[in-house]
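Read through the structures below before going on.
Two complexes come next, and they have one chain in common, chain A, joined by chain B in the first and chain C in the second.
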Partner chain A sequence: MSERTFEVVGTRPVRHDGVDKVTGRAAYGADANWPGMLHGALLRSPHAHARIVSIDTRAAAAAPGVKAVLIGADLPDTHATISLGEAAMDVRDMSHNLMARDKVVYHGQPVAAVAATTLDAAREALGRIVVQYEVLTPVLTVDEALAPGAPLLHDDLVTKGAAVGPKTGTNLAGRYEFKRGDVAAGFQEADTIVEREFRTATVHQGYIEPHACIARCGEDGRAVVWCSTQGPFVVRDATAAIAGLDAAHVKVIPSEIGGGFGGKIVVYLEPIAVALSRKAQRPVKMVMSRDEVFRATGPTSGTKVHVRIGARRDGTIVAARVSLWYEAGAFRGSPVGAGAMCALAPYTIPNFFIDAHDVVVNKPKVAAYRAPGSPMAMFAVESVIDEIARELKMDPIDLRLKNAAAEGDQAAYGPKFGPIGLRAVLDAAKRHPHWSAPVGPNQGRGFALGFWFNGGMNSAATITLGADGSAAVFTGNPDIGGTRAAQAMMVAEELGVDVDRVRPTVADTDTAGYTDVTGGSRVCFATGMAVIQAAQEVREELKRRAAKMWNVAPEQVTWERGRVLPPAGAKDAKSGADAQPLTVAQIAARMTHTGGPIVGRAALYAPMAGPGFGAHICDLEVDPETGRSRVVRYTALQDVGKAVHPSYVEGQIQGGAAQGIGWALNEEYVYNRDGVMENAGFLDYRMPVASDLPFIDTVIVEVPNPLHPYGVRGVGEVPIVPPLGAVANAMRSATGIRFTELPLSPPRVLEQIAGVDARREGRPGTVAVGA
Partner chain B sequence: MKLHINTTINGEPAEFLCDGHETLVSALRNTLGLTGTKEGCSTGDCGACSVLLDGRLVPSCLVLAPEAHGRSITTIEGIASGDTLHPLQRVFLEDAALQCGVCTPGFIIAAKALLDANPNPTEAQARFWLAGNLCRCTGYDKIIRAVLDTAATMNEAAAV
Partner chain C sequence: MATVYLPSGFAQFTGGVESVAIEAPRVAELLAALRTRFPALADQLDEMAVAIDGTIYAEPGYQPLRADSDVHLVPRIAGG
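Entry: the complex of A and B
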């Protein structure tokens, strides 16, 4: 693509929604209160696996203040399918997930709901509901779930994809294969082979804003829902299907969203609130507690990943064998397919075989979490690559450069790569002063790559011009990380108006053209492209209007940064004076007389996106006495194609890195034998806090994506992928121990260090750190 | 029986009715309409509900609403003076120290308490003071920079 110079893109204006957010005025999911509203509350299963024998809600319905009670039998049985952005989902599972029918399949699954005049009254009424359970044995890991004779979560589950055993009577929800070449022959060529098995814990997206909504459903069956979501159109379609309404009668107004990271795409509360409101004929507000968020939303899969990779002495990787088992939670649909496709994405490997297993267990149904599936798979592969570099005594970056995919290579997951920035990122990492800086005592350095496809799909945008030349832009993507500012910048870039005079709005489902979810790192790319096209349409209309004002043909006028220039000799149609260049504001001021309002719109489906690669360098310091480790220096490099607002691009990279560091070092769901999560709060589910982290240095690499007019790829998901491997590889450098299980929590690290220590006879109490 | 509470919020006298077990964050948000204070965990771990109670930083989810009686509370809505943003608010915007923004009011309140107590904090002091506030979007980098930048700006202004 030709080198384009930008006026606005690449600058760092104050975000348009910023003042509302620093003053507390911005309205999030729980911030709306409607006249006459009731408060909804959910009764949740105390068992991880049980048959529901009976539910008696009579006493609750008669309780003071109670206006509606709901159980699973009140909701229709549906097999509708809705688009979840990157995949279609059977609504039946989503419906059962948010309200159990005859069986509960995880601890915390809702079994009944109440709406009452106060939250206290609603909660009190929940205590009057009598549920009889026949308790069953839960299965909590992929190994338990796939063991012969394991209790089954769903009698009707059928294995999708390439099953090797029986497809029924199993907890294996899917099995998928990806292969190339001859793996056995490939390993024959290898001079060195490294094989390890890895595990990662269930972790949560950890958005600070709990799920919240308020809904009303009228006598006419029409519903309005205000909620915190990444996908208003998903909420509309899923709510309609689950509550038994016509989607044509459901309007969803997205609130400001307090983080999502993939976890606010599916619905948990909205259909319940609508169904309660329909019964009570009053608005119903529902807000989750943090405890509910942990136990019954999100998380992402706990995993087991087995990796075997062979390389020649010169570092050429000749064969790979990867097996992945991902917990789906209680219903099918883990991100194991994406994990399998990402696992080897950075490398050109002639022979590989990958099999991926989607396994149901008695835990909450997993939801998307930032680059869903990729971090666990790449943690395993990047750990093994690190071991190969050690065996071959090669620099880890050189080994990766030797095998790095480039433009024209067939990606391990299928398509041929277009221009990609993997090598540019690796080169930048190698040149970065961090890579060659000395490592302190008790410290180790780790390096790892990350990959995500990035997303395209459906987007729409509308731009309306004011008579003052200002512009309003409407899109349908809730703004999680600064996308409104980026979209306003794109309009300003195309129209030459001040970015401060562009008003970006996240529109409701009755106003915005159909738009897929905020996810897949797609908003700045695909919705941004729609915004640019809509702005270009405005520009064409401005040229037509100017031509009219000069009585010339539209093709005779030219556009030059915010102005339309007349052809030589043109006269102003009204005054007869020599025509002068007209600014956007000057043309807009005359729009009533030149054809009426000026509106640009664009809608598109982007089938492809620009793949993104990142590389992280992590310095970890380990306390040999406690096993506690601390990230002391961190550098994240990433090809983003083009950074529209560099500050928010850096912010995405830093935030993703911090989440990945938390995943690597501390975060995990701790379950007891009964399948009850024992650490469902922020005190015990330990996410990184400010004192856990250093400044996170970012390097933005820009290899333009030819599929986008500015070269944008997307940024948000790649940065959560490398930290797991980078931290584990740093731990390997610091301690000499290859850890294969995350998180690297102090007890786990201490146990391993002590084990190594005990094996070193004659050196009691000393620990070889920094080996 | 509801309790009748007389308090001062953001410099203005305020009164409200509440149950004895109601939390301050609930009274602020649901009774007084001050929804800028957010509730993220209800256990004092996330800091989204941070307010100043007689100048002291507290998570308002761990304060009972009746405890506000006769006290003075500062919320995010009371940080700006007139039409001028507080320096922390301005620098948070300039430094892009927010993404989703839901933790931002709590961070600004906590950072104000820090700068009130220590106008010239080191990076480590800022990180440990703000360790009671969770942010899941930013990795804290730009937040810490914004707090340190604000301190520098305010000290410069004070020196002039």
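Entry: the complex of A and C
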């Protein structure tokens, strides 16, 4: 990659899909209605853990308006795996997750489905289904799940990875290790050691648009699905496998998407809608309520993380010990492996040992959530780093700079880092006026780092040129973060056409080349690379067409931003006049005479994009009488490699920070002892809204990524990682209390403050103080 | 020869070996050689990404190796 000067990249054009979205014309998952369509509804388990003794659907099938009834036995059992982009997923687990077979393993798991002429009729019929359960004791935390004699979710669960403890008869689904050096000797060298245990709650991605789809499946087994998804090809392959169809006969049309953050990569409704449609021979529409979204779609893991870090007096970290336990929900597959890999990633530590545990519990199966696994691990580590800075009386940024990884250092997860922007981000944070601004009464300032890998994988792009010189670009990635605009900008950059004359389109699975999910911060990087290559192919074809018009060899012509220049002495073959430079539009206007339509295509498999680092500064004000806290100032700095559209990069950073702040301060699934979520709605599951937050200031740092022609790294996941630590460290500054459990909700904060006050006054404390 | 570094948790499948030098032109041949040398490791390899000289490939396929490549096996990462 060269130090290239850009014309379009780095500017801020209005997004192509913007007007449709702000006027309500954009069509989302629930906006499609097809002739003759039925409405599907799901009967969900009232128990978190139970055996299904019997299901009687006869009365439901006979109910007015009912056209199809479905239970687990109607779906084929499969042991297939399908690619979810970075990782394979067991289709059997996915199938059982969306329709229970002989056992229910979380409250809200579907056990039957009905399609009827109206939604009311479908719901009424659900009430006629009789399910007999043998209720079992649920396990709701990793401690409960791993306790001796704990009820087992799956009799056949096998512990993957390094074996510690029993391989079967367990709720431990996996265990992983990373180590380097001599940990015991490392701690011997330490002048100060800080050790804490942290916990984070189960939290949801909180996308505003619930899951929704409409599907039709004919007598011939051919199906069409319209749905809100991050991965139309995942929906195609998973739907085919679960519903028992040939994937060649399934077409998925992605709607606009109202947020996903990882939660719309897996399927919940689509195979059920297809299977109901196949039975009824009519289209079936299914839309989740918010209650269903909370109870039965993937949140991210509740966690326990134990951290011990030792440092010398000068701040050099010499040893670390990190143990992580992540809830997977009801089926294996928490992001604990990623958490283990991220935990110490920013630092060069000569001696460490990390072990990670994937634990099944009677909660909904977790799904990916922005930098899956990293926020919880780094919350714990960044809290301990903050404590070490306090003990050593060092500036928290200086301590991190002293131990920060740089190009050529071996990452804690194995390979050596290429060019990374961690030090540049730390330097920018230290220089930022926020870092040196005074802090008000009852306020505290916190600082924390975040790390994520950023994905690559399969991407394809097609560009067609119109006779008027405009261009259309097609890819298979639903646009979540402004990627349509970024792709149009890349075409404009390469072809020298106005970005407003490039039409970016999210194509269906029959039109786009196979493309992995919109996720993993991969689209601008990997699909963007395909778009650039396709545009460059168009550019080469334009040169060939111009050469034909001048009757010269293609290698004799040159490209100069949006036009092709002739060699000296060349003549126009038709007029005989001296050849003049030709614009894209002029060449396109004559495409019929020079060889027909002009199309560029590219398909590639990209490596992971390259590490991204962010640093957040948070000022928190705490009301000591109520425990309520308020973020009063927030600055997020991040190395993004190269910002293609800075507004959308800033938006990603702000959005990630907002979600992370909510995770830190308020959000949590509240369960009763029976495993029933008690706050399944936005009134009781408190996500931050605009009025809760200050303007989140952003600083874009650009250390180019050599793996991308523009230097792009990926943006969207890193910014959710630092807020948990930054907010907790700010709370520590404001209150003098080290909180080790999230969220820092007013009752929890008030309880701890009361404990400290009681100790100061010599009264019995109500709780132990964390620090 | 490429040097392959295994996660420490894999030591139980390799008799304690944590790194090994293997002559292989591409990742596919390297993984095949690992399976032959450490049969107990075979099932684990299917779920690993491969970092070649610092660049991680979730599906390494037939990526070429240099004679002195550093190869790290790392768990696959699922993004959001």
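Here, the second predicted complex is superposed on the first by the 760 of 771 C-alpha atoms of A that agree within 3 Å, B and C clash if a C-alpha of one lies under 4 Å from a C-alpha of the other, contacts with A are read in each partner's own complex, and residues count from 1 in each chain.
Everything that follows uses one rule, which is that a contact is a pair of C-beta atoms (placed from the backbone, for glycine too) under 8 Å apart; a residue touches a chain by one contact, two chains touch by 3 or more.
Keep in mind that what you see is a predicted model, and the values were worked out from it rather than measured.
> Look at A:178 in the shared chain and tell me whether it touches chain B only, chain C only, both, or neither; answer first, second, both or neither.
second
> Where does A:480 make contact in the superposed view: on chain B (first), on chain C (second), on both, or on neither?
After superposing on A, A:480 lies in contact with chain B but is clear of chain C.
> Between chain B (first) and chain C (second), which does A:261 come into contact with in this model arrangement: first, second, both, or neither?
It touches chain B and chain C both.
> Looking at the overlay, what does A:647 touch: chain B (first), chain C (second), both, or neither?
After superposition on chain A, A:647 lies in contact with chain B alone.
> Would you check which partner chain A:672 touches, where first means chain B only, second means chain C only, and both and neither mean what they say?
Touch status of A:672: no partner.
> Is A:368 contacted by the first partner chain B, the second partner chain C, both or neither?
A:368 sits against chain C, while chain B stays out of touch.
> After lining up the shared chain so the two structures overlap, which partner does A:19 touch, if you call chain B first and chain C second: first, second, both or neither?
The answer is first: A:19 touches chain B but not chain C.
> Identify the partner contact of A:551: answer first if only chain B is touched, second if only chain C is, both if each is, neither if none is.
In the superposition, A:551 touches no partner, neither chain B nor chain C.
> With both complexes superposed on chain A, which partner does A:415 reach: first (chain B), second (chain C), both or neither?
The second partner, chain C, only.
> Which residues form the common part of the chain A surface touched by chain B and by chain C?
In chain A, residues 205, 261 are touched by chain B and also by chain C.
> Which of the residues in chain C come into contact with chain A in the complex?
Counting only chain C, the residues touching chain A are 5, 7-10, 12, 44, 47, 49, 51, 53-59, 61, 70, 72-80.
> Taking the touch rule as given, give the residues of chain A at its contact with chain B in the complex, in rising order.
12, 14-15, 17-19, 21-28, 30-31, 33, 120, 205-210, 256-261, 289-290, 480-482, 645, 647-648, 650-652, 654-659, 681-683, 687-693, 695-696
> In their complex, what parts of chain B are in touch with chain A?
Residues 19, 29-30, 34-43, 45-46, 48, 75-77, 79-80, 85, 88-89, 92-96, 98-105, 108, 123-124, 126-128, 130-145 of chain B touch chain A in their complex.
> Hey, which residues of chain A end up touching chain C in the complex?
Touching chain C: residues 84-88, 160-163, 175-179, 205, 261-263, 265, 335, 337-338, 340-341, 368-372, 413-418, 452-457, 519-522, 605, 607-608, 610, 707, 717 of chain A.
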